[in-house]
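I'd like to ask some things about the structure below.
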Amino acid sequence: MRRGAKYALIALAALAALFGPLLTHNSFIRDIWVLVAMWGAVATAWNLIGGYAGGLSLGHAAFFGIGAYTSSLLYLDYHLSPWLGALVGGVAAMLSALVIGFITIRLRGPFFALATLAFAAILGIAATNLRSLTHGAEGMTIPFAPSLAHAIFASKLAYYYIALAVLVVYLALTWWISVSRFGYYLVAIRENEDAAQALGIDALRVKLAATLLSAFMTALVGSFYAQYRLFFEPTIFATSLSTQIALFAIIGGLGTVWGPLIGAAILVPLANELQSILGSSLPGIDAFVYGALLVLAILFVPNGIISMVRPLFAERPLLPAGPVQAELEIEACAIEERS
Amino acid sequence: MTVALFIQLLAAGVLLGGVYALISIGLTLIFGVMRVVNFAHGEFLMVAMYLSYYLVTSLHMNPYLALIVVAPGLYLFGLLVEIAIIKPTIGRSDVVQVFATVGLSIVLQAGALMAFSANVVGLNVPIANALLHLGWLTIGVPQLIAFLAAMAVAAGLFAFLGRTDVGRAIRATAQDRGAAALMGIDVPAIYRLTFALGSAMTGLAGGLLMPIYSVSPTVGEQFVLVAFVVVVLGGMGSVSGALIGGLLIGVVETFSGFVIDPQWKQAIYFLIFLIVLVVRPAGLFGVRGSEELSR
Amino acid sequence: MSALLQLRNVTKRFGGLLAVKDVSLDVQEGEIVGLIGPNGAGKTTLFSCIAGYHRITRGSILFNGREIGNHPAFVVCRAGVARTFQVVKPFARMTVLQSVMVGSFLRHRDARSARAAALDVLARLRMARLADLEAHRLTLVLKKRLEVARALATEPRLLLLDEVMAGLSPGEVPELLEVIREINASGVTVLFVEHIMAAVMNIARRVVVLHGGELLADGTPSEVSRHPQVIAAYLGEEYAAGA
């Protein structure tokens, strides 16, 4: 397969994405389309940090929740259109990203993950306890009053196309980053921060920029979620949500443009199917499968589905993705340049 | 605050701290030797608690006698997990290690949900509610037993690590696994042993906690967070750190629960956790810089 | 015209250990200066101080007339000082070309020109054919050359090379020496640390000797090799007896 095949595949996916939900009137199936687009977008945002920058965030639910709560509060209490509220939510998430960025500056691997976990957990507790602000454990309910200004729609199709638009923008952004200076700098920092600094890279600023961007992107989708479901609780900050996001990116392909979407596209319908078929007799079956897949994937196919498919698209090497097994054999002796 | 109240709170805090230390010792030991952060640690505790629960309710065993089954049971469980899941992650990148144990925690939690349903269950045996009165001081018997057990376990562990050959091999591996291997220490075997031992201690903790707390599939989440706070505070890899960290957190939690709304209790330890990570990530007794080098 | 790099009484203390003691030294633009000394003499520490990895305890480092001492590493690099590391720090999973592009992105913001500049550097270092090879697959010798390529891609005025010859067999040394000469000829001032005497004496126009953190000698290769203290401390008693 060559570049032509790759473009053909993308064109096909685009067609499917544009017309897929129109082929059915089943509300549940349309819901899955919306969720895939939505989670695909969030996972893509997470991937900037988790994949490219190498920061294993287990607390992205924090940004998601901040987006949801901010736009909803502004809408319910101040009648601010959620379109604007989402932007405010994005800014709020960026401010919180500054905080978490400062905390995690020198942390690596599991410690970084733990810090992000704690951060999201604190927000969850705050959301539960600050009842006067957030309605506490009862959650926030948005009355169903469809209108464009309210960003509430009667048809799932409208939500779908909005989510799709967001997803496409995020994918384009990720692609652009991966071929730009910013992307190269992120990966360089991930691979060896000292060496990166020696090449003139202000690691702190670059990481912070990536974190702020990822936070903003995630929060926007959080606001979308609030407008879609019209209800959410402090559980929106749950660790399980954060790990789910990471899971999609890992299964699909860490640090690749399409990986997170592919992961979401496969796992969301899968989990849904499992839940509906076995959910009543085996509650938790979907989580069980997620967990098992995560373990199997990370041990055997850590670079995700994309790595299994990539060799088919032989082209110029892209920026290295996730945790490739580095072979330590020295085989380059035979390839040395002799002038 | 009267002196009597202060002492009551202090006693409760210290006993709670002992429990927390017990929960955390396994976690810190495993990290210290293997540099593995077991995100499924809370679920190991949950498994131990469920095991204890069923032994007591189905076989009518005394919860403390049940420890004889629970601790070895978790030892075996830990051994299996090490071989199947942990060993393949050694030497590989952070992503692999973190998400392998995160995945495991999800599997265990969901598995428990499927097997035991979401009901919260507790032991309703006489000893669970027993109280000891020392003058005006009232303490819970199961808490006291757990505290004493924690001290005994810690002492036993120190003796084991300090005086036996195997213990020394473990300490050597913790300090420099390359050098240890060169000295003839079977590092993979030490890893298996350490992980299994850490799991056994967690098993003990679970069995001792069953009379005090109720269990449900999500109980792991609550405890693991405390365990991480204790371990980070005390210093990842330091057993004495886990002990002292546990006692400190226990006391802080008890006193803060009195002063502020108990709902915020958890948020307090997360805050402590984040502060420690910023100010002194190595904790009180930990290996300096271990939080910066992930391997 | 003042020197490109001026070290004035540079001192670096690690707790109780004085690694660099009161070192003053000038490097003129266009020179190739060798820095030699026994192991533990403080050479790499001095490099790290210049490059911004260590804070200096006392003294000042001026580059192009401006103070760079105690500035962060990335600031120093942007000012025009690039370095290689004694223990190589490759971007393991990036290809050779991508690694060098990380360097060339400093002066070329867009990917296309960064790529062209990187290819150019690789050609100059005779590594063009390795462009798409992942860095971790290179031999140590090639990894060291990649370090040089990467640093060179940032278009520095001063290049600090830390033992880039280490591990080369005698047959491989002349080629790398030629590369360094070419780099210098293109206008880059070079300050390098080396243990391979043949290389140092061959290419350096000036040699500076460090011993125990202190500057022992500073002169042409022949002057330095006749300096009695240097001979005794570093080149060896036997060499001294023979000289």
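By written order: A, B and C. Residues from 1 in each chain.
Everything below uses one rule, namely that contacts are C-beta pairs under 8 Å (C-beta built on N, C-alpha and C of every residue); 3 or more make two chains touch, one makes a residue touch a chain.
Quick caveat: nothing in here was measured; it's all calculated off a predicted structure.
Q: Taking the touch definition from the header, please name the shape of the chain graph: line, ring, star, complete or other.
A: Chain contacts: open path, no cycle.
Q: What pair of chains is linked by the largest number of C-beta pairs in contact?
A: The largest set of C-beta contacts joins the chains A-B.
Q: Taking each chain's centre as the average of its Cα atoms, which is closest to the average over all protein Cα atoms shown?
A: Central by C-alpha mean position: chain A.
Q: Among the chains, which is located farthest from chain A on the basis of C-alpha centroids?
A: If we average the C-alpha coordinates per chain, C ends up farthest from chain A.
Q: Can you compute the centre-to-centre distance for chain A and chain C, using the mean CA position of each chain? Integer Å is fine.
A: Roughly 43 Å, centre to centre.
Q: Distance-wise, how many Å sit between the C-alpha centres of chain B and chain C, to the nearest whole number?
A: That pair's centroid distance is 50 Å.
Q: Which whole number of Å gives the spacing of the CA centres of chain A and chain B?
A: A distance of 32 Å separates the two centres.
Q: Going by the contact rule set out above, which residues of chain C touch chain A in the complex?
A: 51, 53, 72-74, 77-78, 82-83, 85, 89-95, 98-99, 101-103, 105-106, 109-111, 114, 126-130, 132-134, 136-140, 142, 150-151, 153-154, 175
Q: Which stretch or stretches of chain A touch chain C in the complex?
A: Touching chain C: residues 179-181, 184-185, 187-188, 191-192, 194-203, 316-317, 319-320, 324, 326-333, 335-337, 339 of chain A.
Q: With touch defined as at the start, can you tell me which chain B residues reach chain A in the complex?
A: 37, 39, 85, 88-89, 92-100, 102-111, 113-114, 117-118, 217, 221, 225, 228, 232, 261, 263-264, 266-267, 270-271, 273-274, 277-278, 281, 291-294
Q: Taking the touch rule as given, give the residues of chain A at its contact with chain B in the complex, in rising order.
A: 50, 54, 56, 58, 102-104, 106-111, 113-115, 118-119, 121-122, 125-126, 128-129, 239-240, 243, 246, 250, 254, 282-288, 290-295, 298-299, 302, 322-323, 325
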